[in-house]
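Listed below are the structures to be examined.
Two complexes, one shared chain (chain A), two partners (chain B, chain C).
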Partner chain A sequence: MTRSRLFDYKTLVGTASILCFLGLWEILVRANVYRFGLLPSPLQSLQAGLDVVTQPSFLRDVSYSTYRVLLAWFMASLVAVPLGLFIGWNRKIQLLLFPALEVLRPIPPIAWIPASILFFPAVEPSVVFICFIGAFFPILLNAKTGVEQIDDRYFHASRCLGAAPWHIFWDVVLPGALPSVVVGLALGMGVAWMGVVAAEMIAGEFGLGYMIWYAYALTRYPVIVVGMVVIAALGFGSSALIRIASSHLLRWRTAGM
Partner chain B sequence: MPRLSNHMRSLTSNLLLQAASLLLLVLVWHLLIYLPALKRLPGPASVAKAAIDLDLLPFLYQALLSVYRVTAGFVIAAIIGIPLGIIIGIWQPIRAILFPIIEILRPIPPIAWIPLSVLFFVGIESQIIFLTFYGAFFPIVYNTIAGVSGIDIRLIRAARSLGANEWDIFRRIVLPGTMPHIFTGLSVAVGITWLMVVAAEMIASRGGLGYVTWEAYTTQNYPMIFVGMASIGVLGALSSIFLRSINKRIMPWRRRV
Partner chain C sequence: MSTRLVALLTICASLVAVSAKAQVVTDQKATLVVGHQLFTPSWTSDVMRMTKIYKKYLPNVEVDWFSGLYGPVLVNNMIARKVHMAYIGDVPAVVLASKKASVETNFVGLCQSDKGASIAILVRKDSTIQSVRDLDGKRVATGFGSFMHRFLEVVQTREKIKFDLVNQPPEVALTNLEAGRIDADGHPAPHFGVAVHKGTGRVLTTGSAYDFQLICGIVVNKEYASQHPKVIEGWLKAEAEVHEFIRSQPDKAAELIFEAWERKIPIEVIRRDLEGALYPDEITAEHVQTLKSASDFLFRNKLIDVQPDIESWVDTRYLRAGR
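Up next is the complex of A and B:
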């Protein structure tokens, strides 16, 4: 006898555990244990959430943040994927370009913020730049390692069969690196969301990070939680979308399994 | 002998290319300041001058402050996260209870926690160390769980049929098998802790390299911004290198690809 998936053991325990967690939080805030009384409670946040979602400023903030993340991620992919593939493929290019990039990589996107807001004429480019920097390096790195882990024999075989470099790129490098590239794209999306929150908190007008910071400044604390939840949902949703789209593209990989 | 000279020749050309890469970076930077939009950008020369003119002792103090915060958060996250991850990975009931909570909290960017942390914790240090802890905690736990789950069940079954008790299985199979994943988690965590420390210091503004960089921005000491960024990058890179050397020491059986 098969049980319906909705009510299976794991989902029940999971939901119960989350509810307990929320309940515990609520109790800690109500009872003012230690400094929990200062934090917003789940019910307050839910209430604030219902209020906020209907306001036009909310929609504006969501669209600004989403627009910035998507633009930055798209541009980063456009540059980092080909760059990473070539760096992984060709040793000379790697030696020429990679050290410079490796020197820049450890600098967290957030450390770029003062430089970015100072040197870009407007707010929009400076925020998008931070997200771009954030997404760029994971995508680059994953593209590079994606190519590096392709079995050498594919390269040897294709050369034996007389393939031109263009063929090798299209038929060996690209498909071989694709799984890793996809992981990098999802990762880059996540980092871009982190970057947008930080940049908007510090620099921004509009956007979810700005909404959170503003709520904090106006002591409307439950809205902070609302912002956090929305960002989490959007970040999670966009990464999930990438993975779903990629599983479509990579169907040929699991076909034989 | 001819093989040795060939090797030396390729070694020198490799080094030359890498050096050329770094020179290229500095050159591009130098040329960028001539762009009208970026005319406020300080060039490599002025940044180098600012670095040389540094007041060394106060700067080192700020750097050490950041390092302290990063280390404290990271170590606490490792001490709590690794055992927790192992327990969750091994015991299904605990996994069913705790994993959903972790999955729900994970998409929230650590930066979004800054306002709540400032509200809840009394001292600046505890606020910032909580944030670095939070940033490090999830990658560590998540990767540890993945490591434990990824151990081939046949190894455990084989050990059991050979008469191993639970402690032996843990010490000889689970622990070594999970180590690579634990280290992946630790490496990711190091990067995120630096990100968090810089963000927290920029926003909460009390000491540390993030604060130094932000203050350079507000006092319009532009070259100092880049000195701050570079120092953060250098320290971040050093932390990763340090971690990797420990990795090699503890897991000599893993050949680095």
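Up next is the complex of A and C:
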């Protein structure tokens, strides 16, 4: 990051906004406004954070959660992107598959826990499955919507020019839906991280979600805040990485403007 | 609701009405939020909920029942001051006592105690594990920071074995046990009884084999209790009456609990669990020692940062006043 980028207006305002939020939180806790006194303050959480991150278990928890979420997201992307594109592109496939998927979509990931425990032969697939379910539907829907938003004239033109279905998919469907697919991938990553707390209840050991749940059982509230902040940072970071990576894929959009 | 239950509740209501005036501890108007657990034995709270015996002593007290899945849910809600009184196991109760800086509480009465009859280590029915020693190095699930966790430590020490412990709530652990992900499960009644009744589990050992003392008590918010001492006194008198009801009419009590749980727990399981427990009306030195053991266990395992002063936390004045 260059010096000018580091100190640009947007960065400074963003940093000031976060600092104001933390300052307000600290004041509300210390002054015990409403019920804020029951919550840990940022300074208490920072102290707990320093204690937590210096423990070897912390790195293990971060590694486990990151591995589970990334694996779930990768698998969800692998299935949901092509499926979403085909559902959006082909009316028959849409009629065949979409109603069933729409029925399953509102079921929250946590409700899948009993089924996932029974269905999968080991603990890890069960945990990954809960995160997978969280990531799957945003990716699927965005891929589908991305195709539906492509101007019909592109399809007509390519057909008139004698393009084969494969060429239409490669040159119209995929690039046309890509911006929406990227949004879905970033959203899916976020939801996969949201599911990790519920998912790691199954495991009974390791992971940031487990760390939060365990801290709740022992009323260690600053540790809960630490877990929340770390999950937020990892979720934000991984979504940002997707956006950065995708900006290379979508260079043609800005180039063409 | 069955006709039999209606008749039973009518009898209870009549008993309450007949002796009402003579027994009133206070006619003060107050709201009392009582937390009770769904997944740990606090059967007396179920009987109290169904019969409303407290109305005899506290006619103007409105009771809001707060159902928590496990002890930690009640502990957190006590800290959040949403619950004034909680029926809670010894270990989570001590966790709450250790949070004196967040909320001041007192241990004022007992709802149940036993020598381990209400806890068990469960294995799959078809498991090759035949003795506790076979569990050495095996994966055992329990709720960390519960009296089952404390019990499993006792078992490991006594048998000179080491479990691979995992922290899972009962509903997750029992499903994992059925699916073969864990070798054994350590959760209290009624869970193991239900699994045995369903034919999916087999009891490997109970707490009785280790003479393991556990208690389930009544913890109150200190501020609420100081503002409403007569409410706490009246409640404990009602609790003693519930104890007597269970001791003298266990079958009727079992039916009430069966209905309180919307018939989801087999009545045979409830009957057996009720028989295995004691319902003490007084807090004795032995009970205080159990709380101290729970405190030592939590501190030794770094599950609490400070050990509470159990002697001053246990407050028997409301029980004494009610005599």
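In the analysis below, the second predicted complex is superposed on the first by the 216 of 257 C-alpha atoms of A that agree within 3 Å, B and C clash if a C-alpha of one lies under 4 Å from a C-alpha of the other, contacts with A are read in each partner's own complex, and residues count from 1 in each chain.
By our rule, a residue touches a chain if its C-beta (ideal position, glycine included) is under 8 Å from a C-beta of that chain, and two chains touch if they have at least 3 such contacts.
Source: prediction; values computed, not measured.
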First, second, both or neither for A:W193, with chain B first and chain C second: first
Touching partner for A:M201 - first (chain B), second (chain C), both, neither: both
Residue contacts on chain A - larger count, chain B or chain C: B
First, second, both or neither for A:Y214, with chain B first and chain C second: second
Partner chain(s) touched by A:M228 [first = chain B, second = chain C, both, neither]: first
Touched partner set for A:V103, first chain B, second chain C, both or neither: first
Which of chain B and chain C A:L118 touches, first, second, both or neither: both
Chain B versus chain C as contact partner of A:S57, first or second or both or neither: neither
Shared chain A contacts, counted only where both chain B and chain C touch the same residue: 35, 38, 113-114, 117-118, 121, 201-202, 216
Footprint of chain A on chain B - complex, ascending: 14, 17-18, 20-22, 24-25, 37-38, 40-41, 93, 96-101, 104, 107-116, 118-122, 191, 194-195, 198-199, 202-203, 210, 213-214, 216-217, 222, 225-226, 228-230, 232-234, 236-237, 240, 257
Of chain A, residues touching chain B in the complex: 9-10, 13-15, 17-18, 21, 35-36, 38-39, 92, 95-100, 103-115, 117-121, 148-149, 193-194, 197-198, 201-202, 209, 212-213, 215-216, 221, 224-225, 227-229, 231-233, 235-236
Of chain A, residues touching chain C in the complex: 35, 38, 113-114, 117-118, 121-123, 201-205, 210, 214, 216-219
In the complex with chain A, residue positions of chain C that touch it: 70, 72, 75-76, 79-81, 95-96, 99, 102, 141, 143-145, 166-169, 171-173, 175-176, 178-181, 303-304
